[in-house]
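Paired with chain B in one complex and with chain C in the other, chain A is shared by the two complexes that follow.
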Partner chain A sequence: MTAPGAPSPGLARRAHPLTGLSAAIAVTALAFLVPTPWGPLILYGGCVVLVAICGVGRAIRQGVIVCLPLWIFLFLLHGLLGGGPTRSLGPLTLSADGTMAALVQAGRFGAIITASLGFYHAFDPSRFLNAVAARGWPMHFSYLFVATLHALPAFLDRAGASIEAQRTRGLRYRGGVLARARAVVPLALPLILGALAEVDERAHALEMRAVAVGGKRTPLDPPADTLADRTIRWSLLFLVLLALVGRLTSWPM
Partner chain B sequence: MADVTFDAVSFRYAASTTDVLNGVSLDFRAGEITWLFGPLGAGCTTVLLVAAGLAPRHTGGTLVGAVSLLGRDPQTTDSAGAGQIGFVTATPELQLSGIAATVWEEVAFTPANLGWPIERIRSATDRALRLLGVEHLAHREPRTLSGGELQRTVIASMAVLQPRVWLLDEPASSLDQSGRVRTYQLFRAEADAGATVILASEDADALATVADRVVVLNEGRPVLDGAPGVVLAGEPIWDRGPGSTSVAGLARAAGKLVASPLLAAPYPITVAEGIARWR
Partner chain C sequence: MSSRLLALIPLAVAINVAIGRIVAELSLPVYLDAVGTILVSALAGLGAGIATGLISQVFAAFVSGYVWLAFAPIQVLIALLAYVAARQGGFRNFGMSVAWGCLLGVFGGVLSAFISYLAFKGVTAGGVTFLTTVLVGAGMDLPWAVALSSVVTDVIDKALAFALVGVALRSLPVRMIGRYPLALRALGR
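So, the complex of A and B:
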């Protein structure tokens, strides 16, 4: 996985950081508010087009990889085991209602995962913190958010090193399910224990570096918040509110 | 005047059945480098954690006695020392902010958190980078630095504050010889400018000529306290402490083989002293 902050040229990278975050949150909300059955599928399609246009197209492929097991599970659960009228598809007999329910859920997950991954790939921790600081918002939440995203690649690097270290000591982690299951503990335990052992020292360092101090943080290089950015964010909010009203009044669930 | 005082301080970690510090009474004075020296488990690191107010507030455990840091009890408020303490440990990778995209931002992280005006942040950050000789790394991502570069970056991220008190735990453990010399020179200059420097380290060869005072700890108690030239040259540090410099060790070992007043205590502690005596 690429680190946040890695070069990802395109609109998403140039946009104000809060615009990307707003888009990811709006998609998550819309996924559950737009009318079914076609709303979530159209939303997913829209997300795919949008992340491609914004220069973070790798989110599409990664989204499919992440969602695929879930889609298969949904299809088996709803399509094959669902009730109501059935349709034949080759040798399979599918529940029409169940298949449609599976498609709705698949569209929702696809849209949310793709939008989130798009946001992740366009994410620049430094710009985000500067944007938050420029607004005078408290640092604690944004620090947790940013540090977690930033820690992910480092954690994956360390997992890779841990796997190599255990492999050189003779651990066999490839092969059947049993061999993989046996390898989980010697692979995961050093990683988790190592991370836990570091917590104290990290906490000491962060306190000494004034993370816990209240008050306004100085933005080092605040990103420009253009009229286009602000228009997009207000439009997203309007869309979510519109969908909410529609959902509460008349749209099918 | 003492910036940091310990008055009959005892400390025990939550998971321990014995005290790590046993009735420690020490004054750490402004303008001095005090070097804490002791074998593993002697309590040197714990003195720094208690002085910073991190133990027991963060670590858990029981503290008895009184500690004063710049006239305040460091236990009373969160982040009491932020901005006034330069705290550096032997594991620089754990001291990174975790969010800075460049070394420059890493160094500017704490001043930004403290809400300094941007112009002050810029000048202080550039100065700290120059001081540690890492200005050429300003645009590098911290994760890509070598151990030595990382350690100098972390020290720069504290030097940017021009702290009144430095609490240093093996601050040069990842540095090469020239990096160590440069770093110790920085701490010397800070002390000369009026800062209180408390430094825990095993690096006897380097600190013998840098520190103003050495406090030898053993089993949580100060057992020797004085000028390095006196403490390190004597025999007691071999009986009650972790040993001395390489040159003193050589003189002592040779003295056991050949009875000669040239090889008797007080031992020479530096190469220059050894040459002067044995020429």
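So, the complex of A and C:
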């Protein structure tokens, strides 16, 4: 995991940060609410088109990479090993119901993961923090978010350095599962102890800046929340509610 | 929220992710992605543990899909049981840590199986799903295969995670651990 790279210059980057977040959350809800079997697949197709139009097309390829093992397992578990009536597809005998269930779930995974990654690639931490500060979200929330975002790549680097250092010292971490499990302690312990030793220093710095007091922040440059942004967010909410009503009343589960 | 907690939580989330990388490098069939959550629950209590677990889950979902937010209740369960274990002195030695880890593994595995079966039709992360596929291929019904594979992998995963946190807590200098009264209790001191 790394911090988001240079945000894409497309539509997604220009939109208000909460609009992108709302779209990703709405897709997650819609994936489980739209009528099956074709709804989730159509939603996935829609997400692919939308993500490409919004200038975050790399989310499509990355989404396929994340989804591929899930799709394969769905096909194996439900298509090949599923029960009920069967159909022949070339040399394969597939469960008809299982294959359909696998397709539905594959569409859900595809739609949600593509939309989430689209938001991730368009994400700009400073714009997002200014946007939530302008909305009056608590300072603690902003701090936890940014500090975590900064800590992640640093700790991944430390994990890599720890692996290299222990390897240089002759630690063997190949072979049986038990031998590899034993290598966890010398690799992970320095990371944990180092982090705990760092807590005091960071807590002192936060104390000096009175961060723990909380209170509302004044954003220096809040992103514009245009009429188009607000219209998109309200439309997404309306769509999700409509799908929820449809799901509860008539659509197939 | 105190300055110490504000400093501790992001580091614990990073520990969750970084140890996940170490485990992947070792090609172990576990995740160990809740070590930071268990550690914070044992050091600073339930609220801090839940915050660490939920933030970890949100970040995992942020980079690999909001679909994984469905597993957020597991993080709450981990924090809750780690907190109870700490109050009961569950990290005082290796055996106790492993026993508490196994207990969490059973509860976590059952909850994880429910979420995995209902929301994901049994297909989630590689190792668990591979085991589920093998069990279904051997003739087991899908719900039972999902339950068994989730419980088995969770018991191993959480036993290792609790053992690791126990080792870390017992390795801390007295001066440092003295700042966390719950951790002293977790070690039976």
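Everything that follows uses one rule, which is that the second predicted complex is superposed on the first by the 177 of 253 C-alpha atoms of A that agree within 3 Å, B and C clash if a C-alpha of one lies under 4 Å from a C-alpha of the other, contacts with A are read in each partner's own complex, and residues count from 1 in each chain.
Quick note on the criterion: a residue touches a chain if its C-beta (ideal position, glycine included) is under 8 Å from a C-beta of that chain, and two chains touch if they have at least 3 such contacts.
Quick caveat: nothing in here was measured; it's all calculated off a predicted structure.
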Which superposed partner A:Ala151 touches (first chain B, second chain C, both, neither): both
Comparison of chain B and chain C by chain A residues contacted: C
Which of chain B and chain C A:Ala195 touches, first, second, both or neither: second
Touching partner for A:Ala203 - first (chain B), second (chain C), both, neither: both
Touching partner for A:Ala101 - first (chain B), second (chain C), both, neither: second
Which superposed partner A:Val66 touches (first chain B, second chain C, both, neither): second
Partner chain(s) touched by A:Ile112 [first = chain B, second = chain C, both, neither]: second
Touched partner set for A:Tyr143, first chain B, second chain C, both or neither: both
Contacts of A:Gly20 with chain B and chain C, given as first, second, both or neither: neither
Chain B versus chain C as contact partner of A:Pro40, first or second or both or neither: neither
Common interface residues of chain A - those touching chain B in one complex and chain C in the other: 143, 147, 150-151, 154, 198, 200, 202-204, 206-207, 211-212
Chain B to chain A touching residues, read off their complex: 49, 52, 54, 58-59, 78-79, 81-83, 85, 87, 89, 91, 94-102, 105, 108-118, 121, 141, 143, 157-158
Chain A residues within the chain C interface of the complex: 1, 24-25, 28, 32, 63, 66, 69-70, 73-74, 76-78, 81, 101-102, 105, 108-109, 112-113, 115-117, 120, 140, 143-144, 147-148, 150-152, 154-156, 158-160, 162-163, 173, 177, 180-181, 183-185, 187-189, 191-193, 195-200, 202-204, 206-207, 211-212, 214
Contacting residues of chain C [partner chain A, same complex]: 1-4, 6-15, 17-19, 21-23, 25-29, 32, 35, 39, 51, 55, 59-67, 69, 119-124, 126, 129-130, 132-133, 136-137, 142, 160, 164-165, 167-168, 171-172, 176, 179
Footprint of chain B on chain A - complex, ascending: 3, 5, 124-126, 129, 133, 139, 143, 146-147, 150-151, 154, 198, 200-213, 215-220
